[in-house]
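Both complexes shown next keep chain A, but they swap its partner, so chain B is in the first and chain C is in the second.
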Partner chain A sequence: MAEQTVSIYRSMKDLPSTHLLGTGTPMCSGCGGLEALNQLYDIIGNKSVFVNAAGCMTLLSVYPFTPFRGSWLYTAMASAPAGAQGVRDALDILIQKQRMSADEDMQVVVLTGDGAAYGMGLSATSGAMERNLDFLYICYDNEGYGNTGQQFSAATPHGAKTATSKGPRGYPGFKKDLFAIWAAHNPAYVATVEGAEPVDLARKIEKAMTMKGPRLLIALSPCPPGWDYDPKETVNVGKLAVKTGVWPLKEYIDGRVVHTKIPRERKPVEEYLKLQGRYKHLFEPQRNEKLINEIQDKVDRYWDSIDL
Partner chain B sequence: MYRIRFHGRGGQGMKTASRILGTAFFLEGYEIQDAPRYGAERRGAPIFAYVRADDQPINERGIITNPDLVIVADDSLVPVPAAGVLTGVDEHTVLLINSDESVDTWKHRLNISCKVFTLPAEAEERAELRFIGATCTGAAARLLGKISREALQQAIKQELADLGEAVIDKTLAKALAAYDHMKNHEGCIQTGSETDASDYTKPAWINLPFDDARVSAPDIHASANSVEVRTGLWRTLRPVIDYERCNKCWWVCSTFCPDGAIKVSGQTPEIDYNHCKGCMICVAQCPPHAIEAVSEQLAQQQEAEQETSS
Partner chain C sequence: MTRKLLTGNGAAAWGARLAATDYIPAFPITPQTEIIETISVWIDQGEMDARMITMESEHSMITAAASAAASGIRVFSATSSQGLLYGMEMIYTVSGWRAPFVLVNVSRGLASPITLEPDHNDIMSARDSGFLQIHCATCQEVLDSTLMAFRLAEDARIRLPVIVNLDGFYLSFTREPVELPEYEDAQKFVGAYDPENIRFRASSPVSQAVAVLGGAPYSYFRYETHLAAQNGLVVYDELQKEFANQFGREYPAIEAYQCDDADIVFVMLGSFATKAQAAVDQLRNAGKKVGLLRPRLLRPFPAEMFQNLLADKAGVAVIDQNISMGMGGVLHSELAAALYGHPHAPPRLLSFIGGLGGRDISLEEFFEIADVTQQAVNTKQTPPPRLMYTEQELREMRKLQAVASVERNELNNSGGAKNG
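This part shows the complex of A and B:
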């Protein structure tokens, strides 16, 4: 059993008011992924090495500029967890050889998008968990290959329009349940977070930081250009993802899944879908009742199936 | 050969504008090349697109440094060095700029003798911004004088086929209005001179001694030095805090700002305008609605006036 800790983040007012991550990054205006990363980094702190797979956030550190206060390593799309293994081993060896003191040790943090996490990098992540690598994994999930113009990925939800699913029914596949796939490896910690729910997010990363072993977080990251909405709506979209039950906030700890914020009276998914241009074809020119119901049913079935 | 360079911000439809113009040229029987330049910049950041059109095969490649026509969708890009709006502009170049200010103001301000045309800035709403590209294309097509109204219409329908009738209709209306608006200046753009490989001059490199990275590139050891990048230049709207109405909740705007551009000192939030990209999340989320969105252009004018009066 993990030790029961009391969170210092009881309310919004406990959240940090100054921010560690540097401004001036080339992320889009209103980026939901950057919003989540900013909040996470405040708590992870500067004693960290980021291992970044190719994706939108590779552009955080474009030579000679970086928003990070610690080191950063860039890897190919499928291999960030393998890169993290190398960094972790190097730190361990430096400490063992006393070329670095134990209190100078750093958190090794993998940062990838959903293209790498749900698809290309899944095998490397599986291997890292199998080896019980001591690392944090942050996936900013904007439900498509956002960096190259929002082609669909294994994280794209059913019915969403992407650059490669433009038909009247949108993306025919279904979003992969990465939380369940990761949890099936029985790592130390898995959680879903959302930048629009900062207290829940702060408590989860705070908890993950006290643990050893593989700790993985998926941040649903509303994406103004990819999901096609005005950048000012990022937080509203994120909040609605939680309130409609589309994005369940939960954690896997000690072999159990716990829901951390339960929308007791779920709003209809329609409210979430309507805000985003990628679902416009569900409402115009005619309302696609069947597809809207299909999406609603899937959400309802999820919440009916779990034991709250 | 016509060499046309487009400047805009990500989200203003300039890449699409260049495609429409290229296709319209093609429909008129021209050899064409159209290509946006991809970089590490995003919505709101400066973007570039290039069109070449000729009645014979085009062998020239790459970015256009000697343009016959420069199209600027957003006049706030002119002073941005990274946008390079004036690169290679000489007396034969025509400058088409989307601006509230007069042609004379721009000629005086930029100290240029070339032809300048303005389009009235009409996008008050951000949702309208994406149609600026259409207006620019319509005006450019008429200034070039080689593209018929029909070819322009067909090119728009062809390029935007995926976006549905409503978007096509709106784009057509905007582009054709601009096309008609420029009728007195039809064909005022001259093709530039042909270039030859033998004209190539090497760029003026500055040779630096090969030092150890710790000496030659000290910045890579600096932390959080991205603050040197002024992403505040991306902004078209500016959030302004009304401190009378701010209820000092001290976390909402600061926590939700994706760029960490709102700091709270004491209990007072302060927006870092050098880095705020103008997403307006703070405006949408502030509980007592104490943050207002104002036009960046207007805000800058007011600042300039205050400066001169004080």
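This part shows the complex of A and C:
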């Protein structure tokens, strides 16, 4: 099924105009993760169980409130995919043994941040893919341990200032390529999304919902407190991540990686970096040309290596 | 009813089978592996209508087990030692979900040093988790306790996961004749699982295991779990009586052997207590009034039953097959807490540590324990906790150290040159 059936989401006007996810959550204003989740949840729907790992979004469901119209299970930081395994298997067993009608079935959705997805929970995710678990995985990637005050994680990009990389060169490591690691397991579907690209996001979750097996999405999630920018800029930051080529929108399907929104004329990464306080040390007190070029080169090399 | 020679592991597997378990998340670890291998063969041969899934760790295994239980099915799992500890975050976490399931732990000493042989430090680490604990001494008891564990876990007054504990090697790999209940009889006792409101269904969405803000709601839910665990005392007693009526085998929360007229009482957990039982017979032959108490139920702790069984005894020797570093035997502390200030509490409560990493406890040592306890009674002086170790063992240990030292010197003198 290399050729995708026609999406019902061709433009912004096809997107749902009301949201399923409740309001008044304790997420920060301008949360890019919530921006993405809001849109994803509209299409996933309330026939779902969200299995959550420790992170910012654990605070979505605080007794006795929840913004979810469906079900929720908090597990621990490392084992949300294993929780999804237990729920999925139980629902299958109940249907198979005719103790539950198939109408009562639900989509099982893992919801974690990058701390769990890129690090502590990677083994559990790998195991779930190995076992061909029928589940959705949503990673809201705000490129650091955001809930504890934005220490660097395996998802932090090179040069970014975090609470544990405050030096003049920022984070010395490089963002782990989780998309490639996930895709190497040959699951049904892997995609990157961005909340500020709603049509691309809608098409991907729509596609994922038609499939069985492991389907995993990484949503780059601009984070006003963690990335140090004004909350009103979230959409802008997200759009620039795509337009500069920093965050390639792509999907892995049938053994192939397809780029779904190619920035033909990429904006300089500087435009993306300049908006965020976490890169301020690249421009002030003096411009760190070398580090800016390093970041630009890495993005250029990526796109040069892609057979578009 | 059929009689079969079964290992402790085999008996645990039969328990899961006769309880009509739906789901078994698994991860191999010595000396537990035979349990999941046995179940896996039954499932493959169509003899057991269940699904088994091998997870990538015990942490994930416990998560999957509890998540499935929280979705409304009957779940069984098994682990041991390091595996139990690897899953420990989830052991503590999932008891608060109030989703009942049964976990068998095959006790094995903890690293370091790493070993395969049994003691109880692994299971003691789960003591405060919210899992109830049943400790077994025979293969028959393993099977019967597994059946009772499902009833205990699923009881509406409890709704907590239960661990059935058996000792590695001494019980896990020892074959004993076991009476297997007929499937229908086991079903009659265990009954069908009613998940009530602990389940996931599309038409009735729920949020489970959510966060709380502040100490008051947190304390509320923690107290609820504790009170539910305490209900286990009454519920266990009811169902062990029901079990005895149906199957003719009795399993009171504490097994008392030759206790009624005893002056001195040994207290021990698990299969090593059968060594103590043999020693009690010998001590009785030698004219000493010694008895034995073996708690089956460790959580909830049958404190009142201990108070009654030990009332007005002259001396008690607790033989712990575990060690809390810097404190001593865990069961000794627990018993002291249960007896302290009680009007009929035995005046002398002694602590002995033995059987670590499968180290034997010999008949002579039980005689020595009885002697030391008698002296404490006579002198009204309680000696400090004793770490049991013989001169012979120390001599053998010194030999090992000498060999290690010779080998190291050898390596220092020639190893560098050899390896270039």
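The criterion applied here is as follows: the second predicted complex is superposed on the first by the 304 of 308 C-alpha atoms of A that agree within 3 Å, B and C clash if a C-alpha of one lies under 4 Å from a C-alpha of the other, contacts with A are read in each partner's own complex, and residues count from 1 in each chain.
Note that a residue touches a chain if its C-beta (ideal position, glycine included) is under 8 Å from a C-beta of that chain, and two chains touch if they have at least 3 such contacts.
Only a predicted model underlies this, so the values are computations on that prediction, with no experimental measurement involved.
After alignment on the shared chain A, the placement of chain B and chain C results in a side-by-side fit free of clashes. Put simply, the three-chain overlay gives an angle of 90° at chain A, taking C-alpha centres for chain B and chain C and rounding to the nearest 10.
In the superposition on chain A, no contact is made by A:A184 with either chain B or chain C. In the superposed pair of complexes, A:T25 makes contact with chain B only, with no contact to chain C.
By the touch criterion defined above, A:N46 reaches both chain B and chain C. Of the two partner chains, chain B and chain C are each touched by A:Y63.
In the superposition on chain A, A:A196 contacts chain B only, with no contact to chain C. Of the two partner chains placed around the shared chain by superposition, chain C is the only one that A:M100 touches, whereas chain B remains out of contact.
In the superposed pair of complexes, A:I306 makes contact with neither chain B nor chain C. For the overlaid pair of complexes, the smallest distance between C-alpha atoms of chain B and those of chain C rounds to 5 Å. Across the superposed pair, chain B and chain C both touch chain A at residues 46, 59, 61-63, 66, 68-70.
Within the complex, the chain C residues that touch chain A are 22-23, 25, 49, 51, 53, 55-57, 59-61, 63-73, 89-90, 93, 200-203, 205-213, 217.
Within the complex formed with chain B, the chain A residues making contact are 12-13, 15, 17-32, 34-35, 38-39, 46, 59-70, 166, 195-196, 198, 224-225, 230-236, 284. By the touch rule above, chain A contacts chain C in their complex via residues 46-47, 49, 51, 58-59, 61-63, 66, 68-76, 78-79, 81-87, 89-94, 97, 100, 103-106, 123-124, 126-127, 130-131. On chain B, the positions that touch chain A within their shared complex are 10-11, 40-45, 126-127, 162, 164, 217, 219-220, 222-231, 234-235, 249-252, 254-261, 263-264, 272, 274-275, 277-281, 283-285.
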